[in-house]
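Before any comments, here is the structure.
The chains carry the letters A, B, C, D, E and F, assigned in the order they are written, with residues numbered from 1 in each.
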Amino acid sequence: MKFGILVNEGPYTHEASDTAYQFVRAALAKGHQIYRVFFYHDGVNNGTRLTVPPQDDRNIVKRWSELAAEHKLDLVVCIAAAQRRGLMDAAEAKRNGKDAHNLAPGFRISGLGQLIEAGIQADRLVVFGD
Amino acid sequence: MKFGILVNEGPYTHEASDTAYQFVRAALAKGHQIYRVFFYHDGVNNGTRLTVPPQDDRNIVKRWSELAAEHKLDLVVCIAAAQRRGLMDAAEAKRNGKDAHNLAPGFRISGLGQLIEAGIQADRLVVFGD
Amino acid sequence: MLHTVNKSPFEHRALETCLKFARQGAAVLLIEDGVYAAARDTAVAEQVQEALKTVSIYALKPDVEARGMQNRVMDGVRLVDYGGFVDLVVEHNAVQSWL
Amino acid sequence: MLHTVNKSPFEHRALETCLKFARQGAAVLLIEDGVYAAARDTAVAEQVQEALKTVSIYALKPDVEARGMQNRVMDGVRLVDYGGFVDLVVEHNAVQSWL
Amino acid sequence: MTEESAGGIAKKFLYVNRRAPYGSIYGLESLEVVLIGAAFEQDVSLAFLGDGVFQLTKGQDTKGLEVKNFSPTFRALEDYDVTKLYVEKEALEARGLSAADLVVPVEVVSAQRMAEIMEAQDVILSF
Amino acid sequence: MTEESAGGIAKKFLYVNRRAPYGSIYGLESLEVVLIGAAFEQDVSLAFLGDGVFQLTKGQDTKGLEVKNFSPTFRALEDYDVTKLYVEKEALEARGLSAADLVVPVEVVSAQRMAEIMEAQDVILSF
């Protein structure tokens, strides 16, 4: 079965990103497909490569990136939500005249249409948030 | 009177940062002093210079920076909370081997002791969060 | 002592908890989504009216107006602007934020 | 239909609202802080037991264990792991998350 | 049929709104999804439960907050062919409101009816 | 007095904990403040109200979540001279718990007594 996943909260503050990650991993382990993981609201903050969590803690961003690499996951950060919250890739930084960018490997920035499309194409859409 | 301010949520998602900003502005207008504004939990996200809010919306980060410049406010981002969430200045980026940094003008990164000190030195500590 | 409540009383128990711990003579300032508690004729209005017998209750006017409640605030709840919020903090020895 | 609830029933009304809209035969999965609703002998236990007459209630085991509740889960609430969560989603036509 | 001309079978999308406006951004960002989603020609409904009904109240004046009042945007939904707005009757009543207090025409429904509407959906987006 | 040797008069700091652990990080990050704050030799108390009491429950096993179990850290508070831990009686009862279910010795107090404790503070940090 094909799943679409919506993550509405950032890393660490709420459990949503953890639960979504464990759900995705379990779904993959059972042979299901993940059509797309869409990060909205504060969820966009899962896509920053500038986190430095404590040594004895999980690295939430890194494990999303690694899972994406391993399973060719499509991790999409909503552009409108990202702009409000300070997430950008190199292209966005250039377009907006910013001197830095912070998107992590395995994530891409795109529009809300990608969320709707996930709802249409996936057999189930599951929402994680606060 | 001297106020200490604690902001526990990031920009846009919750009203906390707006309320704190309006409170600080009103306190300054009444001739009070702001000993320090301390950003903790997701509040550290108020300190990123990479936001690009819509044209017809307020620029939360920029107006904190401007208020700090105008009134010599001490805006402190908690280092431990910032590391978890991907906020860093040039020194932190260098120390952690990161290729970018995103702290906005007028903010500085420091430890939790700065929050306790604000509690001790200020006449009142007011907490804004979700 | 000043208590602030920023949560809707219809979805969270923050106001209920606040009122449990607010002592006679305390002040309660409703801010953000907390201002919904100030409206007349709601399921929580009676609870707020009861509380008014022992504590002062204020609501932050910009938050009241943003939510279109300017004509529905119950008698006894006083509106303050951000400057009034500052004054309330000055007048009380400490602030407890019921987040 | 599968409903998920991730909020503590002691502070938020999410579970109450969920149970109002969950129809006969629906499944409710308690996750994150929502698992506290699965405990015996609490102020909300009766409400959950009542709901068990018409809906199936599950609780996410890793969340139950993290909160030290493994020995306090009431009869009738079934524990599932993340794989069981996935299975529940597969078995139901749609998921409503009561955030 | 419109749906098939768009190259696929329309799915039933329900947007569930349960948060008050301004205290958090969920209401505004949910509406942004609805507007973008309208272009996909699916079968769209909006449900307002609990505090979500506050998003629709008349008389919102956000000047003092220095934020944008997004309630007028609900009036534009009709132009996007989004016309199925369901509001929970009990939520309105508990909040001292009636349909006359809302910025757009809505269908006020019982919890029972709302539950049936939810059951009929393919995709539920909750914010 | 210790407080004066630190170069100032001690203030009464109260940390108010009202959130369950793991669903959000507030409990853990609040505890981090307490640990840092202990070095400042102020008069420190911790209050656990509502869901905050869940932070203290025995038997927490976070392996399945892959997060750190921070409840043992409460046992270390004594080494930092943080010994005044107040727990709301009604909160425990509503949650089917008693003092015996908690990882550290605490003082279980009525709402009335807790309100008095709160009134006596100079600085209240709520998370």
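Criterion: contacts are C-beta pairs under 8 Å (C-beta built on N, C-alpha and C of every residue); 3 or more make two chains touch, one makes a residue touch a chain.
On a predicted model such as this, the values are computed, not experimentally measured, just so you know.
The minimum number of touch steps linking chain C to chain D comes to 1. Any chain touching chain A that also touches chain D appears here: E, F. Farthest from chain A in terms of Cα centroid separation is C. Here the chain pair with the top count of touching C-beta pairs is A-B.
Relative to the C-alpha centre of chain F, the farthest chain centre belongs to E. If you average the CA atoms of chain E and of chain F, the two centres end up 41 Å from each other. Averaging Cα coordinates per chain places chain C and chain F 26 Å apart.
Between the CA-based centres of chain A and chain E the separation comes to 25 Å, rounded to the whole angstrom. Under the contact definition stated at the top, the residues of chain D that touch 2 or more other chains are 6, 10-11, 13, 32-33, 62-63, 81, 94-95, 97, 99.
Of all residues in chain A, those touching 2 or more other chains are 8, 12-13, 15, 22, 41, 57, 80, 84, 125, 127, 129-130, listed in ascending order.
Within chain F, residues 18, 22-25, 50, 65, 67, 122-124, 126-127 each touch two or more of the remaining chains. Inter-chain contacts, as defined above, occur between A-B, A-D, A-E, A-F, B-C, B-E, B-F, C-D, C-E, C-F, D-E, D-F. Across the complex, chain F meets chain D through its residues 18, 20-24, 50-51, 54, 57-65, 67, 69, 71, 91, 93-96.
Residues of chain F that touch chain A in their complex: 22-25, 65-68.
Residues 10-14 of chain C are the ones that touch chain D when the two sit in their complex. The touching residues of chain A, counted against chain B in their complex, run 10-13, 41-42, 45, 48-54, 57, 61, 80, 83-88, 92-93, 96, 98, 100-102. Chain B makes touch with chain C in their complex at residues 1, 3, 8, 15-16, 19, 22-23, 25-27, 29-30, 32, 124-130.
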